[in-house]
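In the two complexes that follow, chain A is the common piece, with chain B as its partner first and chain C second.
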Partner chain A sequence: MKISVLQENLAHGLSIVSRAVSPRSTLPVLSNILVATDDGRLRLSATNLEMGITCWIGAKIEEEGSTTVPARTFSDLVSTIPPAKTDISLHEPTQTLNIKCGSLNTDIKCIDAQEFPPMPSPDLEAGIEINVTDFKEMIKQVVFAASHDEARPILTGVLVTVEDNILTLAAADGFRLSVRTAQLSSPAPAPVKAVIPARALSELARISNDGSEVITMALPPERGQVIFRTKDIELTSQLIEGTFPDYQQIIPKEYLTRTILSTESFLKSCKQAEIFAREGSLIAQVNIRPGPEENSPGEVEISGQSEETGSSQAIMDATIEGEDIIIAFNVRYLREVLDVIQTPNVALETSKPTSPGVIRPVGDDNFLHVIMPMHLGS
Partner chain B sequence: MSIQILPEEVASQIAAGEVVERPASVVKELIENALDAGADQITVLVREAGRRLIEVVDNGIGIPVEELEMAVHRHATSKLRQAADLFRVSTLGFRGEALASIGSVSHLTLTSRTRHQDLGGSIEVEGGEITGTAQLGIPPGTTVRVEHLFYNVPARLKFLKTDRTEKRHINKTVSRYGMANPGVRFKLYQDDELVFQTNGSGDLREAISAVYGVGHARQMVEVIYEDQNLRVNGFISPPGLTRSNRQEMLFFVNGRPVQDPALSKAITQAYHTLVMKGRYPFTVLFLELPPEKVDVNVHPTKAEVRFEEKSQVFQGVGRAVRRALLAHSPVPGVSNLRGVNLWGGPTPDHRQVQRGIDPAWSMLERAREETLVHQGEDDDQIPAPLNTPILRLIGQVAATYLIAEGPDGLYLIDQHAAHERVLFEKMLASRESPPSQALLESVVVDFSPASADLLTENLALLRGLGFDVEDFGPGSFVVRAVPALVGEASPEGLLHAAVEDLEADETPLENKVEEKIIARVCKRAAVKAGQVLTPQEQKQLLLDLEACQSPRTCPHGRPTMIHIPVEFLEKKFGRIV
Partner chain C sequence: MAPSRVILHLDLDAFFCAVEEIKDPGLRGKAFAVGGSPSGRGVVTSCSYPARKMGVRSAMPAAKALQLCPNLILVSRNHRDYGHYSHLVMDRLRSFTDRIEQISIDEAFLDISELGRSPKEVGSQLQRTIREELDLPNSIGIASNKLVAKIATDVGKMAAGGEGPPNAITIVPEGEERAFLAPLPVDMLWGVGPKTKARLEILGIQTIGDLAAYPDIELARKFGKHGYDLARRSKGIDNSPLSTERGVKSVSNERTFPEDLGRKSELLEHIIRLSRQVSGRLRKKNLRGKTIQIKLRWSDFTTLTRQTTLSNSTNEFAVIQEAAAELLDQVWEEGRRVRLIGVGVHNLDTNAHQLGLWDPGAQKDIKLQETLRELREKYGENVISRGLNT
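Presenting the complex of A and B:
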C-alpha cells in the first residue's frame, strides 16, 4: 500500500471511526483501525463487534493494500502533524506502516488486515431513504428516554417501525415514553420493525453531516443487523432481540386538563426547580390553576425543594382548559423532554395526580412524550 | 432380606455417629456433663489429639456407686423425668445419650465418688459392653477416661483430620466453654502440655483474655441489654478489631454454645458502616431467654436451637450490639499499630490466638502492659463514654491527615474519611421519605410461597416506602410504582431486594438507600486526600466530627482516626520500659 492523504481529511475520518474502537478488548485487532484502499478512496473502519463505523476519505492511491493500525497511536499522531500532504506506505512482510509528513518520519507496528472482522457489504437497493437533518432531530427527541439499565436490554434500544411511508421511533425506560413519527418521501418497499441500540443512534446523529444529504437505512433479512449509509459514512449495529412493550396502550386517550405554556419559560422553571430537587429525589410539583373565568389566563407554579438547600417556586402564565390539578414529576424528565421540543409552545395534558402526563409540541403532531407522575409517601 | 430389629450394639453405634463425630465432640459432651454436675474445676487431658486418650476430671457432685452401671446405659439421665421437662430444659445435657454413645465406640472408664460416700467406684465399658467394675478410694467428683476412640469404627477413624486440626477443634471447644463459664476453672493439657487455662474468677473479661489475649480482651466492648423476654450480655469487638470470617462470632443461648447464621447476620447488620466490607467482628454474647421460648432439642449435638419469637430475638440482639457500639466506639489504638504485620510473619490473628493459649506469655504481657490495663479500666468506668474526646488541632500532614491532641494522647485523623462521615450523618438526618415513581407499565413479579407470605404480611410497610404493590394471585405481585430514590434499578430487582431484607429482618432497602447516600457523599462533597485545608477548615472538620454519632469510622467502615496514647510515645522514647 502506498498512498497520500491530506492531514485534515485523515484526522476527520479518524475522529469519526474511533468512536467504535474498543479500547480494552481481548482481541487486540479490535483496538485497531482498518486502513484500506477502496475504489479510489481510503477506507477507515473500526468495530467493537456491536457497532461498526466506516468512513471513506479522498486519497491519492499509488499502490493498493490494507492493514490495521493501533487506533490510539494513529489518532494521537495524526492530530499533531501539520495540515499538509501526508505520505503513507506499508511494508507488507513486517506489517509496518510508515508515515511521512514534512520532517516527520514514523513507523507504526500494525496487525494484518486479515484478522479484522469482516464488515457486511449491504444491499442498499432495499433500503429506506431519509433526510439526514430530519432523522438527526428524530433521534435527538427519543434516545434520551431509553433506559441505561442493562438488566432490561430491550429498553436500552429504540423501536424503529416503518409502515407505508410513516417512520416511527419510540423509546421508553419504564417511567417515560418518547414517540416521534415522520413522513417518508416514498413508501418503504416492506414494513420494518426493529429495536436499535440507543447508543448506535446517538453515534449516528453525532457523526453524520447536516445538510440535505440522504441517509439510507437497510435491514438485511436474517442478519439481526441494521446498516445506515451516507455518501462517506457507514454505521452498522447489531439489533436488540426481544419484544418491545406495546407502547400504544400506554398513551392516554383523553385528558381532563390541557395546559399550554411557553416552552422556553417552562424549561427555565424546570431548571430552577431542579437546582433544589436534585439534592433530594428530583421531585417537582406542578400546580395548575385555571383562570377565574373561562378564557381568562391561568397560572402554573413549579416548585422544587430539598431539606438541605432550600426551595424554589416559579409561576408562569398559561392557557388552561379544564380543571385545576396538582401533580408531581421527576423534574429531570421534564427538563430533558422540553430540551428537545422546537416549537415555541408546548401542551401538558393531565387527568389525575396518579395518571400519566402527556407533553406535546403545539402545532406539531409528530411528537409526543408520556411521563409517569411521582407522589410523596404518606 | 427380611426386616429385623437391629441388634443393640449396631443401633448404639449408629446413634453414636450423631453425637460423637470427632474427638472434640467427646470433649464437649464430657464437659457438659461436668458442668451439669456443678463442677467448678474441670481438667481436660488429651493425648494424640484424642485418638489415644481423652480424660475429663471434675469436682462435681459425682455419681453414687450403685448408679454407675445405669449411667452408661442409653437414655439414662438424671436431668429429665418426663417429656414435659423437655420444654424447660436448663441443664446442658438431657438426652441421656452421651456416655452410652461414647462407650459404644471406645474403651471408657467411669470413676466417681459422691461427697457422702466414703468409697468411690469405677466401671469399664468396651464397645458398649461392661467389662469390669471396682471399688476404690478417690477424691470426690467424676473422672471419665475415653481411650482408643473409634477403635471399632474404622470408617470414622479414617475420616478424622490431621492431629493439628483435631487439636484445634478441641482447643476451640474447651475455650468456648471456658468463656461461657467464667466461674469454672478450666485446664486443658494436650500431650502433657498445659495449653489453656482460665482462673475461674467469674470475670468474663478475664476468661476472654485467656482465649484472645489481654490486649484484645481489654478493648472488647461490653454489652448489657434487657427487654421483656431477652437478656443479652457479653463482649463484642470494637470496630477496629475484626476478623476475615464469621467464625469467631460466638453465641451462647442459656449457657449453651450455638451456631446460628441469622444471629451472625444480626450482628453484621449492627456493625454496618462501621467495619470494612469482608471484615467481621468477633463476639462472645450470652443470650438468656425463658427456657420455654427456645427449643434446644433440634440437633443431636445441640449446636442449633430454635427460637419461638425469632425476629424479636434478632432485633433485640441487633439493638443491644448497636447501642453498645454507639456508646463506646473506641479509636483503633496502639495495639493495632503493633498488630500491623510488617514482616510477613504470622498474621496478627494467629499470633493473638497463640498468645491466648500460652499462659506464660499472657502473664508477661499482663505485667508489661500494666499501665495500659489500668488505663483501660479507668476508661470503662466513665459512666457515659464520650464519642470523641475534645481535640486540640495541631496541624495537617501530607495534605491528608490532621494531627490533634486529645486528653490521652495523639490523634491522627484522615480528612477524607472524617469528612465523609460528617456528610453522611448530615444527609442521613435530613433524609425525607422517598416519593414514589409510577411505572409506565405495571410489572408482575413472582415469589416463592414463603417469600410471598412474608410480602403479603408487609404490604403496608412497603407501600409506606413508596412501592405500589398488590397481591396478584398465588405467589405473584403486581408493581405499579417504586420508591424514587432507588428508582433507577429494575422494579423486579427492587422488590426482590426488599423481600430479601425482610427475610433478614432488616428495614427493607435501608442498605440501598444508605449506599446511595454514601455514593453521593463520596462522589461530590467530601474533601479529598491531598487537599490543603486552612486552619479554620481543619478546626471545623474536627468540631463536626465530634458532633457525629459514630465518628470513628467512615461510612465504608474505614477508620477516621488513629489514637496514639502518651504511654506509647513514652515507651518509644525510652522514658518508661
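Presenting the complex of A and C:
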C-alpha cells in the first residue's frame, strides 16, 4: 500500500471511527483501525463487534493495500502533524506503516488486515431513506429516555418502527417514555420493527454531518444488524434481541388538567429547582393552580429543596384547563425532555399525583413524552 | 476555619439495668443482667455495675456470664420500657437545645456552642436533671467535636471505679484534644476494630499518640482513605456535623436463638418475622430503603453479612422478605447451625420514590398501602398482615 492523504482528512476520519474502537479488548486487533484502499478512496474502519463505523476519505492511491493500525498511536500522531500532505506506505512483510510528513518520519507496527473482523458491504437497495436533519433531531428527542441499566437490555435500545411512510422512534427506561414520529418522503418497501442500541444512535447523530441530505437505513434479513449509510460514513450496529414492551398502553388516553407553559420559562424553573433537588431525592414539586375564573390565567409553582443547601420556588403564568393538582416529578427527567422541545410552548397533561404526566410540544403532534411522577409518601 | 464548637456527649450508665431497677428497686446493688435466659442461651445486653465487677460484660454469652458470676440474676428484656424512658431522656435533652443527634437508645450528642454558658455548668445541670427527674445515672463528655466528646465519656466512665454507676463528667478543653487522646489505647478510636488494631500493632502503634506520631502519608499508603481518616482522628480532628434530622441510617432487627437452628425452613420463618418488623418500623418512620441486608452468625460465632441493592426503594414486607430469603439462599451451607439471624434495610430515604411505567398496579399498591396503614393506626400493628404462599 502506498498512498498520500491530507492530514486534515485523515484526522477527521480518525475522529469519526475511533469512537467504535474498543481500547481494552481481549482481541488486540479491535484496538486497531482498518486502513484500506477502496475504489479510489481510503477507507478507515473500527469495530467493537457491537458497533462498527467506517469513514471514507479522499486520498491519492499509488498502490492498493490494507492493514490495521493501533488506534491510539495513529490518532495521537496524526493530531500532532501539520495540515499538509502526508505520505503513507506499508511494508507488507513486517506490517510496518511508514508515515512521512515534512520532517517527520515514523514507523508504526500494525496487525494484518486479515485478522480484522469482516465488515460485509450491505445491500442498500432495500434501504429506507431518511432526511438527515430530521433524523438527528428525532434521535436527540428519544435517546435520553433509554435506560442505562444492563439488567434490562431491551430498554437500553430505541424501538424503531416503519409502517408505510411513518417512521417512529420510542425509548423508555421504566420511568419515562419518549416517542417521536416523522413522515418519510416515500413509503418503505417493507415494514420495520427493530430495537437499536441507544448508544449507536447517539453516535450516528454525532457523526452524520458530512453534508449529506439523506441517510439510508437498511436491515438485511436474518443478520440481526442495522446499517446506516451516508455519502462518506457507514455505521453498523447489532440489534437488541427481545420484545420491546408495549408502550402504547401506558400513554394516558385522557387527562384532568392541561397546563400550557412557555417552554423556556418551564425549563429555566426546572433548572433552578434542580440546583437544590439534586442534593436530595431530585424531587420537583409542581403545584398547578388554575385562575379564579374560567379563562383567567393560572399559575404554576415549581419548587425544589434539600436539607443541606436550601430551597427554590419559581412561579410562572400558565394557561390551565381543568382542576388544580400538586404533582412531583424527578426534576432531571423534566429538564431533559424540555431541553429537546423546540416549540415555544409546551403542554403538561396530568390526572392524579400518582398517574403519569404527558408532555407535548404545542402545535407539533410528532412528539410526546410520558413521565411517571414521584410518590411523596404520607 | 470553622468556628469552634462545644459538643456534649451523653451516655446513660447501664441504661437497661437502670430502667429495671426503677421497676424493681429490689435489684439495686445486686449483680444482674438484662438479656439471655437462665438456660444459658442468648447474650447479655446490659449488666449492672456489681455484675461488671465480676467480669460480666455486655454482648457476652449468658452461659459465660453465669460461669463468671454464678449468682447473676437474669432479667428478660422489656424494650417497650426502654423506649419509653429513652424518649423521656431525649425530651429533657431537647429542652436544653434542639441541636441534638440521638445516636442510639441511650446516647446522644448535643451542640451546646450557642447556649452561652460554661460547658461545665451545662454538663452538671444536664446530668442532674436526668438523674433526679428520671432516676437514670449518666455520664457526659464535652469537647470541641463528636469524636473527642464520645471518647471523653468513655474515659470518664473507666476512671470512675467504685461500686455504683460512674456518673462521670469529663471535659477536654479546646486545643488539648491531641494530648488527651495520646495515652489511650488505639482501639478507643472510631474505626479501629480488632483487624485494624492488629495491623497497627505490627507497625509498633499501640496508643493513639503513637498513631498521631506516625507519618500521615504512610498511613494513607497502607490503609488508603481509612488511613487518612485515622491520621486525622488520632490528632483529635473531627469536623463531622451533628445529623440533627436524619438520625436514622438503617433499620434492622435481629434474633439470637435459644438453641442453634440447623434447618433452613426455620430460618426462613424468622426472616419472615424480622422482615415484617423491619417493614413496620420503616412505615412508622415514613422511610424506605434500597439496600436489604442479612446478618448471619454461625454456631462457631463467625458472622457474615450479605446485601443486595434494589432498583427502587421499598418498605414493603414482601419485597424485604423476598430479598432477604434470596440472600440466605446464597450463603446457606447445609449442615451448619445458626446462632443469630438479622434483617436490615439500609440506604434510607424519605418515603418519596419514583413510580414506574410498568409497575404492575403501582397505583393499586399505593392505595392498598394507605388502607393498610389506616387500619394499623386504628387497630394496631398486628391487625392485618400479608399471607404467604409458601
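FYI, the second predicted complex is superposed on the first by the 375 of 378 C-alpha atoms of A that agree within 3 Å, B and C clash if a C-alpha of one lies under 4 Å from a C-alpha of the other, contacts with A are read in each partner's own complex, and residues count from 1 in each chain.
Basically, a contact is a pair of C-beta atoms (placed from the backbone, for glycine too) under 8 Å apart; a residue touches a chain by one contact, two chains touch by 3 or more.
On a predicted model such as this, the values are computed, not experimentally measured, just so you know.
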Room on chain A for both chain B and chain C (clash or fit): clash
Partner chain(s) touched by A:Lys193 [first = chain B, second = chain C, both, neither]: neither
Which superposed partner A:Lys85 touches (first chain B, second chain C, both, neither): neither
Touching partner for A:Lys231 - first (chain B), second (chain C), both, neither: neither
Chain C region in steric overlap with chain B, selected from 21-29, 39-47 or 129-137: 39-47
Overlap of the chain B and chain C footprints on chain A, listed as residue numbers: 149, 151, 172, 174-177, 245, 250, 281, 283, 307, 328, 330, 354, 356, 370, 372-378
Interfacial residue positions of chain A with respect to chain C in the complex: 149, 151, 172, 174-177, 245, 250, 281, 283, 307, 328, 330, 352, 354-356, 370, 372-378
Chain B - residues contacting chain A, complex: 426-427, 430-441, 463-466, 481, 483-485, 487-491, 493
Chain B partner contacts - residues on chain A that touch it in the complex: 148-149, 151-152, 172, 174-177, 245, 250, 280-283, 307-308, 328, 330, 354, 356, 370, 372-378
Contacting residues of chain C [partner chain A, same complex]: 245-246, 286, 288, 311, 349-358, 362-363, 366, 370, 373
